[in-house]
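First chain A sits with chain B, and in the next complex the same chain sits with chain C.
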Partner chain A sequence: MKINHKVLLLEIKNFLLGKTVLTGVVSLLVFGFYSFYHGKQLIGRQQQTMASVPGVQKQHLQQILAHGTGKMVGTTAYYPFFYTTNPASPWAKFSIGQRDVNPFTLKVKMLAIEGQLYDSELTNPLTLLVGNLDASFVFIFLFPLLIIAFTYNVVSEEQENGVWKIVQATSNGIGAAIAGKLMVRLAVILVTTLLVFTAAVVALQLPASLPTLKLLIVVVLYVMFWFTVSVLIIALGKSSSFNATALVCIWIFLAILFPGVANIAINNSIPVPEAAETAIRQREGYHAKWDEPKKPTMEKFYAVYPQYRTYPIPEDSYSPGWYYAMQFSGDLESANSSEKLFEKVMQRQTLSERIASFNPVIAAQQSLNKVANTDLTSHIRYLQSVKAHHRQIREYFYPFIFVDTPTESIDWAGYPAYQPKQYVNEPVFAGMIAILVWVVGSLLFSLIFFKRNFIKIIDTQNA
Partner chain B sequence: MLKAIDLTKRYGGHTALNNLNLHVRQGEIFALLGQNGAGKTTTINLFLGFIEPTEGSASINGISVAENSQKIKEYLAYIPETVMLYPNLTGLENLEYFSLLAGFSYSKNELGKFLTTAGLQTQAFDQRLAGYSKGMRQKVGIAIAVAKRAKVLLLDEPTSGLDPKASNEFSQIIKTLAANGTAILMATHDIFRAKQVASRIGIMKEGNLQSVIDAASISANELESLYLKTV
Partner chain C sequence: MMHFKFITVIARQEWASIFRSKIPLALFSVLLVVSLLATFTGWQYVSKFNHQQRAAHQQVHDQWMSQPNRHPHRVAHYGYLVFREKSALSFFDFGLDSYVGNSVFLEAHRQNTVNMSEAGFSNGMLRFGELSMAMVLQLLVPLFIIFIGFQTVASLKQNGVLKILLCQRASYLDILIGKTAGLTAVGWTLFLPLLLLSLITGNLLTGQVAAETLLRIVMLTILYALYFLIIVILVVAVSAVSKSSKNALMSLVLIWMLFFIVIPKSAQTLGSSLHQAPDKIAFEQTIEQDVSKQGDSHNPDDPYFANLKANTLKKYGVDSISKLPVNYGALVMQEGENISSDIFNRHFDHLISIYRSQNAVCSILAFADPYLAIRNISMNLSGTDFESFTAFQKQTEKYRFEKTKKLNEIHLTQIKYQNDNQQKVSAKNWQQQPDFAFQPLPVAENLSAGSFSLAALVLWVLAGFGVLAYVSSKREYQL
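Let's turn to the complex of A and B:
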């Protein structure tokens, strides 16, 4: 099958001069530029907030110190918040993922941690409904529509308006004629993809590094998937209206219905009642302690921190040491369900990754979010780091609480600084392979259908 | 050059073409007259290899169409009722495109000569086909056939919808092609045009070739009477 380069040039000219191309590419660029703006704005606002955190923390502690002067640390330590932040990776502007719904800063007190982990700002439900029009949205949801618009009528339109009969009667190889038309469209689609991606790299200032390359590979594979699906539908040899309807239905199924159904299936197969249960257990554990003897509470605490056993805890009156031990034991009682919560959330993540191998749309979105560190796993890592920081703070202040130290005599800023989690280079190979398998599969079936429906004589009355 | 032997095409219980025996020689124009559904287009499609015969055979230059559907394309060109080409390309580019598909690479001058031979005005060469009239598009269709050096030309209602002047020009061009040795099979409703250009005329009814007349031996009025009596 030899394709003359002049034929390709004429195909390109004929295709590019059509109204679809200009309208499609311009619309996509407009959406693309808006998505860059949106991604930059949202992540920019988050970064601005996070940048203000050290100042806010300092001022807050100064106020606490002023308020607590003359009191003991045990009393003052009830009030301060300790701020943590979840910095955005440079690629989060490209794929916002769950960063708009999950908190990117958490302030925790020295009290029981579990209830504090799930505090988050209220998000406008309308914003959630609409979703984020970020660069990944443009590639995942809008690019398939562009590909459909560019390809649904390849051959079929020519069959409908009569050109195809002349092509068939004239061409030395009908396979080469079809391949030429498809190659031209693929080239325009890939050039548009690279154009929008390059614009994203420049506009979002993505570093020239491996994660950016991974984003590009995922995007190109995903675009190839939609192209090969379109080719498969074209190969069925049906009308343009059939092709357009079938492709839009596939898009609706893969991009909207399937993820929705998969989400319901995942939630039902791995229920996570522990989210609420953990907070309730911790609250119940804490409240019950007020009416219980102090010794059992303290024994639980001493099991983890035996060094404080020597400090006296009066059984018949309030003491700060007991109060913070009681808070800690609330966490201990909810530790099991907390662990289960994280475990089940991770199970859900694993299951959704398995399901993604049946749906390249989910596979691509997951891969982009992984590269951008904006997926659920990344948020879990952040929550774990907050828990670790909470422990560091407690352990810094415990000695001053148990010894009854005056507020003004300690360094309130001397606690170990919060170490934001580093960027994690999450593997996206499985997602890429899943998409690639679909690409190859669609292509093979396309070749079979093309041979059956176009290369051989079709014995129909209207042939 | 173009031969049908007992050529039959059935769609289920319906016989679209029944035992057609036909031989169109080099340099001859054979016109097939008949009403809609008489089997004219089925005959053309069978020679083009677009459909397979139920029985019998169609051959071009001695080569069976059904067995060598790709090979016979080297010999034939086809002009449908309405030549629809690529609207975003110029006449010259359309001709170049189809010539390249057929395996011929010509210079711009050569392509221009083909278009001139087909009767297209020079100033239209570089205009986009979207602005062409039907007659102009038919001329590009002829130029494609000429450029392809087709030995057989299959025409399906080629003058339908053309104004009398364009139709007359078209007739003159295909006569010239026939004079140069091209075998032409033309399906048409136009009795007078058939009489004007054809060497022989076949009248078809319900898939059967009812009669074959030597065009020179009959007047247009007699042909019309015979046609009306037959169909």
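Let's turn to the complex of A and C:
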């Protein structure tokens, strides 16, 4: 295919000077910058709150200590909260994901853990419902619209105002003419993508490392997907109105209807009644122990912590060792439904990833959230780190509880420090491949349709 | 002056031409399937969910009733779990339901958050938007009206029919009104019976339809009718000012994007950055500070509680706590509860008022975007709005306070100060306490919460006809 340079230059001039390009690119940049501001602000506020945690924790423990002076550790240990935080990855500003829905700080007491894991953050539910205008939204939702606006009338416009006949007559290859027009648009789209992405990297201070590259690859693949879908629709050889209508319908289907139906399917096939069950069981599991003989409760505790067997627990009166053993058995009794809950949440994740391979929009969003560590899996990892910390705390204080120790004679801040979950460089190959398959598929089909709807006609005319 | 006969002719002709073509029917059948699917799955989900919540509630209630004799303060810590049920119309409009908590643990001394929202257990699929009948009516029906109506006037210009029509006795306004009437008739006929029928059937399947619910259904139907009318006017107006059908379609699709995606999202994020709400840690810190300023029940030298002690001793004419006829520990505990609950409520109300001002940005922008108006009022009337959830939070906190207060009274009168924690009281004491039952907001309050949206919808209709009159008066739009 030879592309006439003169025609190509003219096409570039025509397209770039048109109103559409300027309006489209400028409005995308405006939304891009707003999204950077929003992402930075939201995550920045979270970081700020998390930065205040050590101070809050220190002051809190000092207060507890002041109140507890003269009492035993076993009494004082009931009061303190131990704070944990879920620091945002550097990419969370790009794709906020579920970080606004799920709590990013949790405080736990030494009491049964299950009732404390699901405390929610204070948020305006309407803000959650509407969702974030972050960089990932700009790429996932707004870029397709730009691509549609750039491409829907590529050939049909000329056909409609009669220029196409002249092109057919003068151009030495109709395929080359179409390819040239499409290439110009693709170039503008890719340049805009890179422009907005680079702006994101600079504005959001994304590190120059593999995850940033992954974000870029997903975004470029995703943009390519929408471009090839547009090409596919153009290849059908229908009117501009038809193209625009069809592309908007595809957009609505992939970005709104399909996820809506998928969400229903997931909720119906993997319900989580365990959420309520865990809370009920833990509460009952602990409180029932008050009215039961102490020995069985202690035996359950000793099964895990045999080293405390040597300390006497009076059967007829209250003792702190027994109290914390009761709390512990509350957790033991709800452990089953709690594990099931985590398991089901992971099942939901797997199922939705499988569904995503049929829908590039979902695949792209999930991949971005994965890279940013802002998805549900990441939150579950956080909850697990909170559970681990809770255990560390208990195990640090148990010795002082079982052996009567005055509050002031131990180091209340000496417990093992909380280990925040590390950034997990999750593979997003599956998502990328899913999008790529769609890109290649729509390209192949558009070639077939172009041949049938455009090239062939020329052949017959030339014949 | 308007010619009603002419308007009717145009409207009839518009109606006939839409039903003559196959595309509108094909699009309608897609929407029909989607909305039936949305209604059915929504209804199924809500009834399953409510069933689950009711079962959990029953279990908690049974456990509460079958407690053995216990120390009242133990019972106060045993606490109570309340499970939020979805409203009768929530299957139609999910509103905020998936983003607010579903259960709350009520105990002494602490105001817990309402936890376990569906969004918390979702991996983000939810964030694309939920498929409900309200979503179909709010988002997709306007698109349907755009697709069947974009060429309504523009094509008359293109093929010259408009000039012929105008040469007859008809005015341009007659034609625009006629077109509006025809398109509106189509929209209403296709979607209003569907709306009415699904709402009534959905409620009949759950039990009988309460008179209040029926009132809500009727109002929803009227408001959606207004909304469709607004969209039709918009479509006709844009079609009338466009040079060609294609231009009209492009402008309308652009407006759709603006109204349904861009403005709502920007408005809410703008609202939350204009009015910054404290996060949980800051919120709790300020409450804690205020409480310790007022009086610290743990501190024996605290002036507030020293005063309480002196007054109590004076009231009963004794010189030491142990000689009081009531349990002083319980008295202090209730005083602490009074203080903290009072301070919490004050801060909570303030928090809610910040959220309200965040949401006000959306309510005001309803005057610029009719989608925001219908979205808000539809949530209000379906009982899935911000105010309904706030009412739930406030009612559970009130219930928590009352319950704890009653237990403290038992503690005060039936447990002796000496050897306090060795004693127990009969379970009968708390078995008589009333159970929690959520009182949904009455329609009047829902409407007052949605007053901006209502005003916006009415204003849009009036302004719409104004715009049609304006467009018809301009010669440039007749060519």
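Here is the rule we use: the second predicted complex is superposed on the first by the 454 of 463 C-alpha atoms of A that agree within 3 Å, B and C clash if a C-alpha of one lies under 4 Å from a C-alpha of the other, contacts with A are read in each partner's own complex, and residues count from 1 in each chain.
The rule is simple: a residue touches a chain if its C-beta (ideal position, glycine included) is under 8 Å from a C-beta of that chain, and two chains touch if they have at least 3 such contacts.
Owing to the predicted nature of the structure, the values given are computational and were not obtained by experimental measurement.
**Student:** After lining up the shared chain so the two structures overlap, which partner does A:268 touch, if you call chain B first and chain C second: first, second, both or neither?
**Tutor:** Second partner only.
**Student:** Touch check for A:167: first (chain B), second (chain C), both, or neither?
**Tutor:** First partner only, chain B.
**Student:** May I ask you to name which of chain B and chain C touches more residues of chain A?
**Tutor:** Of the two chains, more chain A residues are contacted by C.
**Student:** After superposition on the shared chain, which partner residues are touched by A:52: those of chain B (first), chain C (second), both, or neither?
**Tutor:** Once the two structures are laid over each other on A, A:52 reaches chain C alone.
**Student:** I'd like to know which partner A:283 touches here: chain B for first, chain C for second, both or neither.
**Tutor:** A:283: touches chain C, not chain B.
**Student:** Which partner does A:357 contact after superposing on A: first (chain B), second (chain C), both, neither?
**Tutor:** neither
**Student:** Thinking of the overlay built on chain A, is A:348 touched by chain B (first), by chain C (second), by both, or by neither?
**Tutor:** In the superposition, A:348 touches chain C alone.
**Student:** Taking the touch rule as given, give the residues of chain C at its contact with chain A in the complex, in rising order.
**Tutor:** Residues in contact with chain A: 34, 37-38, 41, 44-45, 48, 52-53, 56, 59-60, 63, 68, 70, 74, 77-79, 81, 83, 95-96, 98-103, 105, 112-131, 135, 139-140, 143, 147, 245-246, 249-250, 253, 257, 261-262, 264-269, 271-273, 276-283, 285, 298-299, 351, 355, 358-359, 362, 386, 389, 421.
**Student:** If we count contacts the way the header does, which residues on chain B are in touch with chain A in the complex?
**Tutor:** 11, 16, 45, 48-52, 66, 69-70, 73-74, 76-78, 80, 82-86, 88-89, 93, 96-98, 100-103, 105, 128, 141, 144, 148, 154
**Student:** Give every residue of chain A touching chain B within the complex, in rising order.
**Tutor:** By the definition above, chain A touches chain B via 4, 6-7, 10-11, 13-15, 17-18, 161-163, 165-173, 177, 457-461, 463.
**Student:** Quick check on the complex: what are the chain A residues that touch chain C?
**Tutor:** 31, 34, 38, 41, 45-46, 49, 52-53, 56, 67, 83, 97-98, 101-103, 105, 115, 118-133, 137, 141-142, 145, 160, 239-241, 244-245, 248, 252, 255-257, 259-264, 266-268, 271-273, 275-277, 279-280, 283-284, 287, 290-291, 318, 345, 348-349, 352, 355, 361-362, 365-366, 369, 375-377
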